[in-house]
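Here's a structure for you.
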Amino acid sequence: MFEYNFHWRPVFKSLPDLLEASITTLQVASLAMLLGIVIGFILAVSRLRGNGSVYWIATAWVELARNTPALFQLFFFGFGLGALGIHFSPYAIVLAGLTFNTAGYLGENFRGGFEAIPPTQLRAARSLGMNSWQAYTRILIPQVIRIVYYPMTNQFVWVVLMSSLGMLVGYRELTGETQFFASKTYRIFEYFAVTAVIYYVMVKIILGLSKFCASRFFRY
Amino acid sequence: MISIDGLHKYFDNLHVLQGIDLEVQKGEVLSVIGASGSGKSTFLYCINGIEPVQQGSVLVDGIDVHAKTTDLNKLRQRLGMVFQQWNSFPHLTAIQNVALAPQIVKKMSKSEAIEVAARQLEHVGLGDKFNVFPNALSGGQQQRLAIARALAMDPQYMLFDEATSALDPELVGEVLDTMRILAEEGMTMICVTHEMGFARDVSDRVAYFHEGIVEEIGSPEQIFNEPQSEQTKKFLAKVR
Amino acid sequence: MEQSVTVFSSFSVQDLSFLGEAALRTLWISFLSITIGSVLGGFFGWALYEMKVWGAIFLNPILDVFRSVPLIVQLVLFYNFAPIVGLNLDAFESGLVVLTLYTSALVANVARGGIEAVGKPMRITSRSLGMSYLQDMRYVVFPIGARAIFPSWVGVALGVMKDSALVSVLGYVELVKASQVLITRTQEPLLIILVVGAFYFALSYPVSRYSAKLEKRWSQ
C-alpha cells in the first residue's frame, strides 16, 4: 500500500493552463446558460399558450432534453448530425448540446414558475389597463424570476459540471485540458485531483455569488 | 353612465347571465346581492371586458365595451376594479404597487406617479406603509392597497367584486369604511357584496341577482323592508 | 433514401443483441447504485437532520464534493486512486462505487428535506401518544416523508440512470460505449444513436410522467 509516488510538480507547472481552461469552461457554460434561458422562456410560453405544432415542438424538446443522457445529446450533435453531412466543431458540439439540454430543463422550470403565480395576478394587472406585454414584463416575469432563481442557479452549476463532457468530444475546456496533460505525463490522479478542487471552488463561488445577488435583488 | 342592455353570457353550455338590463347613473352606488352562482361576479367582469359576452351590450359613457374597435386598455382606466383576492403585486412595495400603472399605462413621469400614489395611500389610510412589501401587510391593509391602486388611475367608476369576503371578520370593517368614504365623496360604484349592512346603509339602489337575471331592484328600504319577489324574500330570510 | 438502404445492410441482428446486452449492463449498474445509494443517502439525510452541528461540519462538505465535481472527473479520479491504496477494481466496480456515493449525496439532501417536511407538530403529537423515537420514525416520519420526497427521489434515480452513461469513460461497455463501438464498425452513427436515445427515452419518460402524475394527485 502507498507505494505510489505522488508527482505534483508537473500539475503545478500546468496550473496556469488549467486555470485558463476553467475560464473556457465558464465561458461556454455561461453562453449555453444565456441561450438556454432565452430558449427555455420561449419553450415555456409555447407550452402554456401555444397550440398545435408550436406546443408539440416545445414539448418534444423539453421531454427529449430531460429524458435522455446529456452525453447522448452531445453525441447526437457530434456523430449523429455528422451522418447527415452537418459537421460541428468540438466547441459547437458542446455549446449546442449544453444549450439543448439546459433550454429543456429551464423550459420546464419556467413553466412551473408561471403556473405558480395565481391567474388573478394577470387579471388584476389587466384591470388596471396594462396591455398584455406590460402585464408580462412588469408583473408576471419579475415574480417568475423570483420563483425560479434558485433552481436556475442550480441549473447553472449543472451546466458547468456538464461541460466536462467536452473531454469526450475533443473540446479542451477544463476537463478536456486536464485529460490532455494527464495523458501526456501519465499523472492522471494528480491532474484530476487538482481539477476536482478547481471545480469545487468554482461551484462554491457561483453559489456564493448567487446568494449575494439574491440578497440584493429580492427584498421581499 | 353605465348602461347594460339585454346582456347574455355563456360558459360553454352554462347560461350564466340570462338577459340583464341595468343603468347606473353618475354618482350612484349600486349594490349587487345574491347567492353564489347567481352571476354577480361574472356581471362585473363583463362590464370591465375581462369576460366576453355572447349577446347584448355594455356601454360605459357611450363606449361599447365589447365592440371590436374599443381599446379595452384605455377603457379600463375609467373602470377601477377591486377583487375578492386582493392581488397585491408581491415584488413591489406598497407605493410601487400603486404608482406602476399610472406610470406605464398613463405615461406619467415617475415623480408624478409617486405623488399620485402617495396621495391615494394616504386616502385609504396607509400613509405610513409606503415602503412596505405586501407580505408585511394584513389582508385588510392589502385590500385597501388594492383600492388605492385602482383609484390612482383616476377612474370614473369603481367595481368591487366581493371585496371583503376573503378577509378575516375583524378586518372587514376597515375595508368597508374605506368604501364608505369613497361613496360619500361621490364615486360611482357597483359593489357585489355579501355585506347586507353595507348594502343597506351605503347604496342608493340594491339589485338582487337570481339565476342570471335581476330578480328585483330598488332602494335599500324597498329591497330589505318590502321585497316583492318570493325569491328575494327567501334569500333575505336566509342571510339574515 | 440511399443512405437508409445501406443502414440496414450493415446493421445486423448480432449488433442489435450487442446493444441489448449493453442496455442490460446500463440497467444493472443503475439499479445497484440507485438501490445502495438510496439506502446510504437516506441514512446520511437522517444524520444531517439529527446531528445538525456534526453534519454541517463534516458530512455535508464531503457530500458536497460529489455534488460539485463533474461525475466524469469523479470517475477518472477514483479509478486511478483505487490502485494507489491497493484496491484492484475493474471499470464496473469503480463505476459502481462512484455512482453509489454520487447517488447517496443527492438522496441525502432529498431525504433531509423529507424529514423536515413532516414537521415538528406532527412529531410532537406522535411522541405525546407514547410512541418511542423509533416508532415515530417508522410509523409517522417515514410514511409521510417518503411520500413527500417520492417525486424528487424519482428525479434523482432517473438522473443517475442517465448519468451512468459516463461510466463508459472507464471502458465499461454500457449502452453509450456500445453504441460508439458499433458506430466505428458499421459507420451508421445516426441510426445507432437514435436507437440508443430511444432506449433511454422509453425508460425515463413513462417513469417521469407517472411520478409527475402522482405528485399532482398527492398535492391535492
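Per-chain numbering from 1; labels A, B and C assigned in written order.
Everything below uses one rule, namely that contacts are C-beta pairs under 8 Å (C-beta built on N, C-alpha and C of every residue); 3 or more make two chains touch, one makes a residue touch a chain.
This one's a predicted model, so the numbers in the text were calculated from it and none came from an experiment.
Note: the chain lying farthest from subunit B is C, by mean C-alpha position. Top contact pair of chains, counted by C-beta pairs, is A-C. Taking each chain's centre as the average of its CA atoms, subunit A and subunit C sit 20 Å apart.
Centre-to-centre, using mean CA coordinates, subunit B is 54 Å away from subunit C. The distance from the centre of subunit A to the centre of subunit B, each centre being the mean of the chain's C-alpha atoms, comes to 46 Å. Those residues of subunit A that touch subunit B in the shared complex are 118, 120-121, 123-131, 134, 138-139, 142-143, 146, 218-220. Taken together, the subunit A residues at the contact with subunit C in this complex read 1-2, 4, 63-64, 66-72, 75-76, 79-80, 82-84, 157, 161-162, 164-165, 167-168, 175, 178-179, 188-189, 192-193, 195-196, 199-200, 203-204.
By the touch criterion stated above, subunit C contacts subunit A in their complex at residues 3, 64-65, 67-74, 76-77, 80-81, 83-86, 158, 162-163, 165-166, 168-169, 176, 179-180, 183, 188-190, 193-194, 196-197, 200-201, 204-205, 208. Residue ranges of subunit B in contact with subunit A, taken from their complex: 48, 50, 73-74, 76-77, 79-81, 83, 85, 87, 89-91, 100-101, 104-106, 133-135, 146, 149-150, 153.
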